[in-house]
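Structure, as structure tokens:
Labels run A, B, C and D following the written order; every chain starts at residue 1.
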């Protein structure tokens, strides 16, 4: 499979703290990857650097062979990078349908579709994720799990090539979590999207979802490989139990 | 949240009270068959609300009294007045001056037009010193209150907004304050000026200096950067150069400046013979105070508008001593029917009568015992000039009255009144020069109106 | 050639008026620092302070420096009144609502004062003669006004940096949630900070009245709101010591840019200085939006 | 505007229909009751002010405190055009389209310059920066003696030279008002188109949560500047019509008065930010209250012996506070909450 994204030696410091200390990894076309690691290991910072919200202090990010390190978020989105937020950020006073339609309008098809098609795409996706019942409800009035689903729907509507999910199933009942994982898999198969999901502790998702797992600790990638292998590695377990390296 | 609903309730309650007040008053107007003529001084009027308006036919030219022996009719004179906002001070004085003049005319038999006697009534609304309020007020006065003759609002900006509306309905407007010369060069047919134009404010002061101290040479002009004061300053500069003075300093300060030290500092070294300038009340007082504070010695300091106010001395104390100011009118003037100049005809109250009537109106409006400022005199003179012109034209048609004004030359408590037929500019009335001499305002120029010798050079 | 005497004079006067600008802006910055609210009615509160001094001096003969105590009390009263009546409901409201609400408060104060005091411009004379500073003769009352400003700043500094209340206020400024978690009654701190901010603002009105002694009228405050914004942003919205220093810089800037413009023909220097002051604001906002003294 | 696709036009018409109806009612009243024409014209001016202001502030939540500078630039541009044409000996009504076009261009240019600078800031910083723009421009015009300095430009004579005395009479009253009705319709339609197109969605996303909008691929600066320019341009044309053509005098102390910007904020806030009907309701309420209290209440109070003038501001301020706290979404917001029946709700846009 062709390589979709390559992160090379990315460093990011906030004042004294080094959030990312020379991270390198690559994602193949259509691959399902999970990035795991305890809180504060730099997972969300890595997302923000790939998505362009944060500029790295060093290192390079290459997407489909093109160096996008300096590009602002809206240019990266146009190339096909979409993300969800750990804490959902819907537009509260706009309806669920409008929220998703805005995703479609400003996603990778930016400038090529009008408001009408965007609203139609929104209806389609709300059908898939099972939120069409609440289409006309103001996003602010949804429950937290529903908001997380809305985040996912909005990201999918952006027709991305790379979908980055930040703790998308955290706080959900097992039944809902499984349903979301199935939806993501179906989306991946249907649109050949590669999906990267950040997971902190819901190990069920890792085993059921991921084809490859990357483990991060204190801003560095310490292990990479298929889920069964990585999860059994004593080094990874010690990291999770809070032991030092 | 309790707070939010409480506020909503209060907000709606206030609006309901407002509307109830309007309808309650509307109801009151129907039953009361108002007998006798309305008391002009109280400025009470028949109120109409929008809802009622559509059935009522447009007001006839004069309100005919339907009740007993209706031979006395009322002629309504209207005015948009600045009773709030930045011209509030001038607006209040103009209102009281106008009401005093109306009261005098009505007490002296009103005016007679082709055999019929008319009592005057003065109808006004607050334009909030805001040009955008003026158009709707002028229109309301003309179309609903049946007004054909108006006092113009204060300042050029507001007058310019009112003029097209007045001209469209053919109503005559008399400008009694704050309008600069440019307004009268715009070719309005129905706009006439009562007070001396802004560009000639300092003529008498400069004439006085020339007369009492021919050696005086250098003049410094420090003025407030706004449309009225700049016109005065530029006029004064031209006139000073014409008289042979040398204008060594010509600088302005922003409209709401609170500290003039930077612009006054250079005068310490220049040591000009004459310093003139200023703008309105606040900055005029500041100018006088800081000239004194910085120890700037000049033979004469002349400041616009502010010194004409009684509490100028109260606020500044000895810093006000010897300050000279141009004024349209001062209570101490000695114009009287006996001193009427050649070709002029006396009309209106004597100076004492005007002050008496003014004080009555002021007391009635709860302003206490105060003397009229020249803004009050400007408005009163406008009413008198208008009333005489209507009688002269013997017609209530504004065109005839405007025509009659061309060859009207009145001498009043306010001095000479004569307009230039072409532009409507005031060419008869001259400025007088007042000076603060040990705590009292006295007139020092022109000689024929003077109460005391000018205190020159300034202590 | 720029005449040295003029420059020195402008330096001295720039410093004096700058100190007054400083104390007049401290209250504005404090309210923004704690409550993240820009008080558009700021100038109206300054006007109230000026009237307190005017009335106490002209009617009761109270010497102006003493009237500051009265205006501080009036400030705390007004601060608490408007906090619990209006600001309390708007703490988390969008900018639009708080800007408009404080504007309405300013209009209300101005019109009430005008209804009682009338629209005319008043003044008083408190003449202590002049003294020499660097060869420039300055009214003693102006120097005292500047000294009182520094004293008032000192008092506020003590409250903020030496008392438990001050600690709580600074905690709320750093991180509202953090303070809440530690058990700080944030609403009470908001009320007190707003009252303190208004107290300093009204007191600075008295100091200003002492400095100018004329031009006191209901609408005198508006120019101080505008200048206050420029200085507050220059300092960095929220920083209290910064506001004082920025005020001095602004005072000096205003006077010195006037001297610089003197030599240009056909323009009105003092008026243009006002325009350059706002240009300065834009430049600072572009180069360092967080202001000169903010981290 | 890149070829506006028909669906957006239809959607825009659907949204703006109710507001256009209101303007038609105002026009009917204006023609039917000439004695109230100037009162209606005042409501119209404030409605357009609110409408044009709403395009930027209503939709993005950014408070532009220097908005009146756009009206001023339009008024100055129109006046310069009228002066130039009349001095070049041109006569006839051509000066109106030329003047308006020039006003729109100058206002748009000013907006793009100010936008490029100030729109890099947010919240209170943006509000304060825009005050700086307004005050800076005003004192620059006065200090550097530009455009007539503090005296300003008088164009009545020029307008009379262009279209004669009667022509000017007509232009300064009826024609100016009718053109303002046209401008009102244009402003409403532009707002409708924006609300139904990509620009509208982007602006509302920015208002709701700008960081989310930026992270989700919205070129935040581009859309903010676009709305800022459209809003400024319409403001410039309003200034040209109401102050230059109708007023005949453009004086800096008046055309740069911050009071107008605050009134625009009050009207949009009162009516309902980001809505179409909001500014019309806001203008009617604000001017209605002001007129009622000025023309009816003040005389009542006076007859009752209360002589203090300017009381209506003391009444207006508390009402304003009550509205800000109790109905932050304005009248339209209140209507939306209170009216459940879907058919009527669709009418409230």
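Rule of thumb we're sticking to: a residue touches a chain if its C-beta (ideal position, glycine included) is under 8 Å from a C-beta of that chain, and two chains touch if they have at least 3 such contacts.
Everything numeric here is computed off the predicted structure, so don't read it as measured data.
Chain centre most remote from that of subunit A: B (centre = mean of CA atoms).
Chain centres here are Cα means. That of subunit C falls 32 Å from that of subunit D.
For the pair subunit A and subunit C, the distance between mean C-alpha positions equals 49 Å. Spacing of subunit A relative to subunit D, judged by their CA centroids, is 43 angstrom. Residues of subunit B found to touch two or more other chains are 3-4, 7, 84, 88, 92, 225, 252, 254.
Touching two or more other chains at once is no residue of subunit A. Looking at subunit D, residues 139, 142-143, 149, 310, 313, 318, 321, 325 sit in touch with two or more other chains.
All chain pairs in contact, by the document's touch criterion: A-D, B-C, B-D, C-D.
Interface residues of subunit D facing subunit A in the complex, by the touch rule stated above, are 5, 7-8, 11, 196-198, 201-202, 204-205, 208-209, 211-220.
Those residues of subunit B whose C-beta lies close enough to touch subunit C in the complex are 1, 3-4, 7, 84, 86, 88-89, 92, 225, 251-254, 256-263, 265-266, 269, 281-283, 285-286, 289, 293-295, 306, 309, 311, 315-317, 319. For subunit C in complex with subunit D, the residues that touch the partner chain are 32, 36, 38, 85-86, 89-90, 93-97, 99-101, 103-105, 107-108, 110-112, 114-115, 226, 229-230, 232-233, 237, 266-275, 278-279, 281-282, 285-286, 289.
On the subunit D side of its complex with subunit B, the touching residues are 33-39, 41-42, 45, 139, 142-143, 149-152, 154, 156-157, 160, 165, 168-169, 172-173, 242-243, 246-249, 251, 253-254, 259, 289-300, 302-303, 305, 307, 309-310, 312-313, 315, 318-319, 321-323, 325-327. By the touch criterion stated above, subunit C contacts subunit B in their complex at residues 3, 5-6, 9-10, 13, 17, 88-89, 111, 114, 118-125, 127, 130, 137, 139, 208, 212-215, 217, 219-220, 222-223, 254-255, 258-259, 262, 268-271, 273-274.
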